[in-house]
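Attaching a single structure in structure tokens format; questions to follow.
Order of writing sets the chain letters: A, B, C and D. Residues in each chain are counted from 1.
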Amino acid sequence: MRIFLEQMINGLTIGSFYALIALGYSMVYGVMKLINFAHGDLFALGSYLGFSLLVWGSAYVTSHVGLAGGMIAAMLIAAIGIGMAGIIVERIAYRPIYPAGRLPAVVSALGVSIFLQNAIMVAWGPRYQAYPVNVVPTVRFEIGGIHITLLQIIILILSFILLALLYYIIQKTTFGAAIRASALDRDTAALMGININTVIFFIFALGPALGGTAGVMVGMYYRQISFTMGWNYGLKAFTATILGGIGNIPGAMVGGLLLGIFEMLGSAYISTAYKDVFVFLILILVLIFRPRGLLGEKVAEKV
Amino acid sequence: MKSIKYLLVISLLVLALGISSLGVMAADKPPVVIGLQGPITGAWAYEGEMAKQSCEIAAQLINEKGGILGGRMIEIRIADDACEPKAGALAAMKLISQKDVVASVSTYGSSVCEPASNLYEKFKKVNIAYGATAVRLTERGLKYFFRTCGIDSAQGIFFADYVPRVFGAKRIAIMHDNTTFALGVAEETKKALQPKIDAGEVEIVYYDAITPGEKDFSVPLTKLRETNPDVFYFTGYYPEAALIVSQARDIGIECPFVGGNAAINDEFVKIAGIEKAKGCFMTQEPMPAELPYPESKTFLDAYKAKYGEIPSSPWPVYAADALNIIAYAIDKTGSTDSDVLAEYLRNEVNAVPGVTGSIGFTEKGDREGVPYLMYVVSEEGTFDIYNK
Amino acid sequence: MFKDNSVNMEMSVDTNKINENINSDKKEALETQELTKRFGGLIAVNNFDLKVNQGEISSLIGPNGAGKTTVFNVVTGIYQPDGGRVIFKGEDLAGNKPHQIVAKGIARTFQNIRLFSNMTCLENVMSGQHCRGSAGVWSSVFKSSYQKGEENRIREEAERRLHQVGLWKFRDELAKNIAYGSQRMLEIARALASNPDLLILDEPSSGLNDKESEDLMKFLKIVLKEDLTILLIEHDMNVVMGISDWVTVMDEGKKIAGGLPEDIYHNPLVIEAYLGKEEGEEL
Amino acid sequence: MKLDKNIIFKNWLILIAIVLLSVAPFMMNNYWIDVFFFFGIYALLGLSLNIVLGEVGLFDLGHVAFMAIGAYTTAILNTKFGIPIIILLPVSALAAAGFAWLVCSPIIHLRGDYLCIVTIGMGEIVRLTLINNPFGITGGPNGVFGIDFPSLGNIFMIDNSTEFYFLIWIVVGLTILALINLQRSRIGRAWNCIREDEIAAESTGIDVRYYKLLAFILGAGLAGVAGNIYASKLMIVSPESFTFMESCMLFCIVLIGGMGSIPGVLIGAAAISLFPEVFRTFAQYRMLIFGAAMVIMMVFRPGGIWPRKRGAVEFKSLLLKAGRDNV
């Protein structure tokens, strides 16, 4: 039983990263119905930005604000940087294509993803970069035989804070209502006086910003980053969003955590090699029996 | 509007044909051109980059000594295969169809080397692999295929003999990442351990694969910890190896960690951090830094002078040796004909001093006498031969 | 409240009984028996009986939200009924998919036009002929004589239908580029192209001006002669009164009256359902 | 029907293309012949995906799995039982088509993005299963090697680049003829009706489920054929050739070329396969330019280079409609 608990924590840690990236993903996806393949690479760009900040800027920042401050500063700056990158990507690659529908936008997103991936390789070099070791002290706790590190706890807490914050903005504020309205139908929302451009601006800033923060967190937790990691995480985020139900932002959170746990179950109790096969099989079964994801709303087909 | 579209299509067709004729008229230039096929782009771009740099240094050293065949300089022609089978076949054909390319150093990945070597064989071009260690590549009786790197079975045999004897390990955990190379080493090690398993001296308590490119291995490692192994052998590549070691130490796996010859290098130490990397072992052919031979010293000094640091994995240095041995064979036989070269390389070449030690080829084209050593990562992160 | 309700029921039943026997000697093309359909808790159709006689134009009328379109969608197979039967040519259609029902001879149009907007008018009508053809992949790829013959037959039938609705001159025009009224007629032509025995029209006159409604009525009268039966769901009273041979009235999922147009026009229950009770009578 | 200048011009263009393609191998060195061979493979794969994505509008991002099934069927049957490649051509088409029928039947009712993620999942499951070498038949990451060349006894053997070049382009030619006939047939119309509006199609008598499944089966069969020719050319098949990125490239071929337009798909295949080779000299910057080119392509030609001519298919509403149905 003890092992199961520890594996559960491992699963949750993996899941919290998926949830965080899926959140940023479903912000864009929920409202614009755009499968933003570039989101994974914006996430990777975030981790590289965090890397540069921590390596070059860290001496200056940590001396003034201490270690925790350095970490927070890196995340904030990365979030702002990637938020701006998200807006630029939307402006150049997506805005001119909205009238042509969704399929060309997917090709454009793929183009941006390939471009960003290689831009990172050209800028930072093809080598694997490593986050500095002393960023977070590796303190290990042992509660009833279960090993959990300080960083694991910080990451879990931070993810849940961000998720709660986003949930509050989306579900409880009027601006959140505007976002949800434009998610359902952009044209009608515009008719109701919602300024769609600000909504799009906010989404393409906040979504990638969340992705950038997650990038820094992954960099700090695993300490190793590569220019190709964006692609895998992007695919996992898309899977989590669908699992949770399209357009349902809390759903993305649940979907991400569940995805982490499914991976853990597959890897621990079946075989690590067949892990992803197991995860995709579950996803397909979920969609066959609940063709709109776990929390997605039933949309009756009006005839 | 319509006419622009048709013009576009016609220009596309003409462009394609124009470029293709370019390939036909490459004139024959005095220098001896040797091809280098490697993953210049893609996930293994870093390995490709180091291989390119190593070959350039090797060529530079030969040219400084007056070149070969009475003053003809060595020139390298690169073909990128992005470590992908289809691109591998295309890159090989690109080098083959350029008549001035005499032979080629080809390539890093085993499953890319397979289609490429088939093409080199059909068009009678000597090709020497520097990173493809899959045993089967030399089982196919190819006449023009050689390799300067070792093969998986040699490493497996070394592990199976050394670890139970020296470490006294009874319970062995083996983890690979389902790539051609890592699975090859893991399978060969299991085969080599079989007699000891049958005799009951040794037991494989864990044998599974992780997915390359992932970051979080806490789940399989927790499973592995429960089998409390005496030794943990990871046969994959250094990016995953570094993550595995640090996560293993985090969740309390204290047994000695042994990496395959692609698992541990400077990158591994940088990513895992020194206090987790020190004390890790590695079944490894002689590392570039440790090569005691005079040729390796001059090569590494020249490399460091030009690029600021020595290559962080053994494969690029094998690429340099592949180029050296081709140049050596051309110089000694005085001809660039593939059959003459293949004949010479297979029979006459033995114990030729090279950057990675003495070079010689077995009947099947494998590298002769590649000594495997057990290295250990020291306190300062250097690699010392473990001679207990 | 309950008592009051039952009184109305008896009264409506009597008038029904009178009209019923006038109607009984004709052969039914379509009949629904105790048809029921629930959406969650809401009972959209509450054991509803409908008779549509062969060769007649029947209308189904009722206030908005009475469940007309739901009945319509159950008959055409879009929804599966929760209870009761849909008898067509002696066979219960419940459980059939829409395309099977079309093959059995019931064609339909939609309340809001659903044409294949990016295909030409000719192709739209030819798609109606789809279930009447049987050329498979093999014969289509190798252009067998059977397939070519069938294609010509489909094309000719589509041509005839387009001429019938007077849209032949738009044959190569995209369906979405033609006028709204013509799109209505095109949708009817598409439905007719499957040579149905029963044509169900969902508010065909909505969005049409008086002249177009007039033409529509004349057209339906002509088409009726091809031994066709027509079921109309309609709001426009003068269209209903103008051409229907039989009218059934529905309210809150239940049938409240059925009869000749004149009787229905004066039937107090129908008026009440539409216009609500006069002031004084509320108990 | 008077032949207006447009149709004359188009027939001329097709003629020129055929002449160029048949003369080309004699003017190019082996490397460029092989590049055009892989162009042919991508053209065939593009045409196969075009049935599913272009004609019926089904969002398929796992199409390379069918090619993998075809390639591995050929590889395993040829290396283990020595069955000649020519006979394996139809066999691998049937295997891929059978696999498509088996896998797609339970999921065919899904719409838009849900179908997309399921096809991605299917593609990954196939690739990962091939890597994990169940029952030792797929050879794991090493793949299956030692596949023979297509040959009829010893009288006829395809082994050099030029013969493979003609093999693939003849198969592509035949496929184009078949697809044009299909497009103009009752089946082609049914597919396009489904793409326009599924509910309306069902209500005009088209068995939507059957025709969607038919599209997947035909598409998979063609991809299986491409897999067979690809395997016999490379003499080895390994999981690395069937990644999710390959499926994305096929998706781009159909989109960049023009959904549902056969000439468009050919141009798309040319762009996707020739572009990286032509710019190979730029090494790392090659993919940078490639990504940027895809974005620019979609911004200026969302309808594709050569959109399908059916009275000027208006692209906007076509896709917006597809977009709305996915909610």
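Note that in this section a residue touches a chain if its C-beta (ideal position, glycine included) is under 8 Å from a C-beta of that chain, and two chains touch if they have at least 3 such contacts.
Since the model is a prediction, treat every value here as computed from it, not as a measurement.
Traced through touching neighbours, the fewest hops from subunit B to subunit C number 2. Looking at contacts between chains, the pair that accounts for the most C-beta pairs is A-D. Averaging C-alpha coordinates per chain places the centre of subunit A 50 Å away from that of subunit C.
Between subunit A and subunit B, the centres computed from C-alpha atoms are 36 Å apart.
Between subunit C and subunit D, the centres computed from C-alpha atoms are 43 Å apart. Counting partners per residue, subunit A has 121, 126, 273, 276, 303 as the residues that reach two or more other chains. The set of subunit B residues touching two or more other chains comprises 45, 178, 209. Those residues of subunit D in touch with two or more other chains are numbered 131-132, 199, 284, 287, 318. In the complex of the two chains, the subunit C residues touching subunit D come out as 76, 78, 97-99, 102-103, 107-108, 110, 114-120, 123, 126-128, 130-133, 135-137, 140-143, 147, 150-151, 154, 172-174, 176, 190-191, 194.
Against subunit A, the residues of subunit B that register as touching in their complex are 43, 45-46, 49, 178, 208-211, 213-216, 218-220, 222-223, 226, 238-239, 242-243, 246, 250-252, 267, 270-271, 273-274. Within the complex, the subunit B residues that touch subunit D are 2, 5-6, 8-10, 12-13, 15-17, 19-21, 23-24, 40-41, 45, 80, 83-86, 89-90, 93-94, 96-98, 110-112, 114-115, 118, 122-123, 134, 136, 140, 178-180, 183-184, 209. Chain contact summary for the complex, subunit A toward subunit B: residues 3, 6-7, 10-11, 13-14, 17, 121, 125-128, 130, 133, 138, 140, 147, 149, 218, 222-224, 226, 228-229, 232, 263-264, 267-268, 271-273, 275-276.
Across the interface of their complex, subunit C is touched by residues 178, 181-182, 185-190, 192-193, 196-197, 199-208, 214, 218, 310-314, 317-318, 321 of subunit D.
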